[in-house]
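As written, the chain order gives the labels A, B, C and D, with residue 1 at the start of each chain.
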């Protein structure tokens, strides 16, 4: 049994917007073990990015605000650390790669400098050592002639190369936990395949744990050990990867899998669409947030918002209905 | 990247602009009903056809307009802007006399504006909504709303006339001789001449006009720094920098400020236009012998060669400032170098 | 993936907005305290200008040699000038020049400049090139310097100052409008209109022009203050409104020769400042309200 | 659906289509220094009532192809026959009248609707422009169109910003349908939408096609969705069609090495299958369309590249019945 690396409990994050208080993350709990890959899946606005940014304390405040919760990294609460302590954790223990490789690099600094920065900040390397290591890292992620390209600026790199460089930067301090926030979404399929291949390879080589955030159930299937599905700021289902795809238990997960066309499937099955759209929560819901789009709903769903409850070993879903029978779970 | 080629190309592009500028000036000053002879000649002589005819020929007023323009352009190429109707000096000579005072005043006011405006802008961006932020906003709005010809008079009234803390108009105490001209800046020249009393007098004379003139630039600087910093701080790469675990200081100064400077530099280039407008007022109030005051003298005396000369000089200065801005741009922003 | 703000992924769509973009913008302006404070100042001065005759206790031109350079008192709130004219009445009457003149210049420059800029942007080619070079050349001069030269040549008068200001101010609007037309022209909804088969004129008037005005209006409200300031400055120099007409800039100018009579410079100067501040407040608020980032998608 | 259509009943014939975008340099005297080879010699037919999928990675020219067919961009060479009328030869009013028969659904449901017009005005505009209805009839027609695409007819007076992405895309569909066109070019109509909304729009498009016997050119980068919706599929790379054939044939027997790599790169939402899959990882990035490689454009990344590929552009030939491939190696 490997050790618990990150344990998040009851995380809540809100945003103050012009239209009112938006409840973006509403009591999210999950954990990551050493060397394990956790996939967090959900559509835009479901709170998946906000969740990890809250843990790393990267939520701009105002307008954002982490209201409550714990994020224990090796037993220490990230949310209660001093600014200096969390800064030392970021980039060296928990490092993150973001969605858009085009905007995530500083346009007026060389790639080499930006990759070397965490090394200088966390490992007290000299500039020269850090640059030498940066070249090694860029080489590792498959950038040809890495040492000659240290002086290049981001605009001289293609999207795929920038994302490789991003990964190099994130891995520079050998972090035990690597967080990827849709790093391949902005890329073409063939480039995405390169990046996925690279991350899998590096993960196995360094034995790091990974949190992979995406809206793409296909990517998660090939990558994750466990999957958490988010909807309207809640985790609504959580299971081992095979279990989730074989026996999805929450109506939303079922609907999501049914709405995906599959490349390995012939015949024109009609896609099951989930009608309506996700809600924006200005109030913490007193009913199931999926209620209006749900085809399984029973009376209880409109009275009480279900929390995660066990469906099977290591498989939990936040639904009052047993979707295999259509009957109430309780 | 080829910065040199870029500069050369920009310089070449200035030639058609310069021709356009002279043409516009020429049209403006020649398409009007006012007869320049009424200014050149004493009133009595205007009735004497002989004198009028001689003057017409002397000033080239008998030739067709396009010829007058070509002559004017040809003269310009030889550094000849004509002779001022009023001072009877060559305009180029006059401008040489008046320019250094303006340069000294402008630089002083610019330093004042940047020293205060930049930090003010940065702090109000970092602490948006704070007291500093509101203070900056008020400063910025006042800077754009106070007429410099009025605030100049008010500060003179208070600090010179009432409190007697600072000297009145002029570049230097009237009882002192100006330091021998080397650079044209009284501050530097008096230091070179080891004339400390003259130096102090020059410094104290510079304070009020520099503040009044710099106020507008300060306002723009603070406001643009603020908005540009706010924008940059929202960028993905700032988030990346924070996620790397860099200190806030490094994030703000090295990652954010350098990007925020890019729009700021353009605005500062444009602020020069505001500076020239301000200089016209400020120099008038503070009896500052610069080109702003020369421009007012020329304009109020209908001194056409002088008007054309000083306007041309300001336009050319303006163009060079913009060229400098452009070059600084290419140095700061690597993306532009490729183009 | 698109229904979110840049960084944080909160959907901005909600059922709470339910009116046209124009009405939303107007509401954003009316809900902006800065803009409303500015508007209040502008309205205050407009009322003063309209009812000058009622408010002013004296004839602004009436001289009273015995009462020259009197300090402010109950009789003469702002004192009297070197000819014994009541300064308060003169400041009141001064509003009849600064406000309408400022508005006139800005409206003219905006209309003329926008028309020229829009046509240049839509027509393109040599016409565009020519217009924009003329604009560049005009913009190569700091506004007041060129205005000064023009006003000097035309001779000092209010009309000439007006003409000079419009000549100086149009190119900025042209440039802005041209840029707007070019960018709106590239919008997908313009492509959609073309593909639907809408005619070129219809596209210009229905799809392009209505979507270009916002920044023009913002600029006009931001610039109104500086136009008033510049006109006052020109009168101060003696190239705008000439005495004895009560105009604030020229009043400050004549006040500076009797330096110890501080009231002669102070009050007209304050008047200029408050009016300009009013317009700047308003312009600032309008800009905030029109900022696309404040409007959601 | 497909097999009921006679092979001769081509609605659209595209022949040797070329579109280059010139690149100019210089401030005053502009001269052409190159061109983006967006579409180079593209030919295909579209049968009445079928859906032709056009797939490829970003910058491959698929969208430009769509817009050049509709004469939004005028082609540099080639012909587009719509019901035997050569659109390329049409100008002005004649072309404007032909536009009735062919419409487009846009990628970005936000940018493609004029923010200052109400939804009703947007949908009624084409009717009025082509004098197909007077104002009163148009209002009525708009009501039924809104109903048809699944929106409340009462939304007539609402503005686009009041709708979600999926709803706006429905407005775009209603606008395209209002002229009762025979051909609709769908330019990535779902790529800006969330997963659960994509299925809604795709189902709508399929229903409408069945109801009105519409012909679609469906441009997309999502290969799973293209398999789902298309009858035949064309794969583009750097402005050239690499392979064109029947959907089943393409996905089960891809012949072109690019198609093979592309298909293998797409993740499948099935963990067990994902674990067994062998991926062809292409090296490097797509070359710039300003200077496309000589000969075969794919040769720089092709695992099968031989000397001939650099010398000669492969012919787009029919290898089996209705299976066209441009490759020297098959």
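Here is the rule we use: a residue touches a chain if its C-beta (ideal position, glycine included) is under 8 Å from a C-beta of that chain, and two chains touch if they have at least 3 such contacts.
The model shown is predicted, which means the values in this text are computed figures rather than measured ones.
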Comparison of A-D and C-D by number of C-beta pairs in contact, larger one: A-D
Innermost chain, taking as reference the mean of every protein Cα atom displayed: C
Centroid distance [mean C-alpha coordinates] between subunit D and subunit A, Å: 32
Whole-Å separation of chain centres (CA-atom averages), subunit B against subunit D: 56
Between subunit C and subunit D, centroid-to-centroid distance (C-alpha), Å: 49
Where subunit A and subunit B are represented by their mean Cα positions, the distance between them in whole Å: 54
Contacts with two or more other chains, residues of subunit A listed in rising order: 44, 60, 215, 278
Sequence positions of subunit D contacting 2 or more other chains: 164, 194
Touching two or more other chains - residue numbers and ranges from subunit B: 16, 234, 236, 239
Residue ranges of subunit D in contact with subunit A within the complex: 57-58, 164, 166, 194-200, 202-203, 206, 221, 223-225, 227-229, 248, 251-252, 261-275, 277, 279, 281-282, 285-286
Footprint of subunit C on subunit D - complex, ascending: 67, 70, 72, 96-97, 99-100, 103-104, 106, 108, 110-118, 125-126, 129-130, 158-159, 161-165, 172, 175, 179, 192-194
Contact set on subunit B toward subunit C in their complex: 16-17, 20-21, 23-25, 28-29, 32, 34, 141-142, 144-151, 153-154, 156-157, 161, 234, 236, 239, 272-274, 276-277, 280-281, 284-285, 295-296, 298-300, 302, 304, 307-308, 311, 314-315, 318-319
Contact footprint of subunit D on subunit C as seen in their complex: 1-3, 13, 15, 17-22, 187-189, 191-199, 202, 206-207, 210-211, 296-297
Subunit C residues within the subunit B interface of the complex: 6-7, 133-134, 136-138, 140-146, 148-155, 225-226, 229-230, 232-233, 236-239, 249, 252-253, 255-256, 259-260, 262, 265-266, 268-269, 272-273, 276-277, 280-281, 284
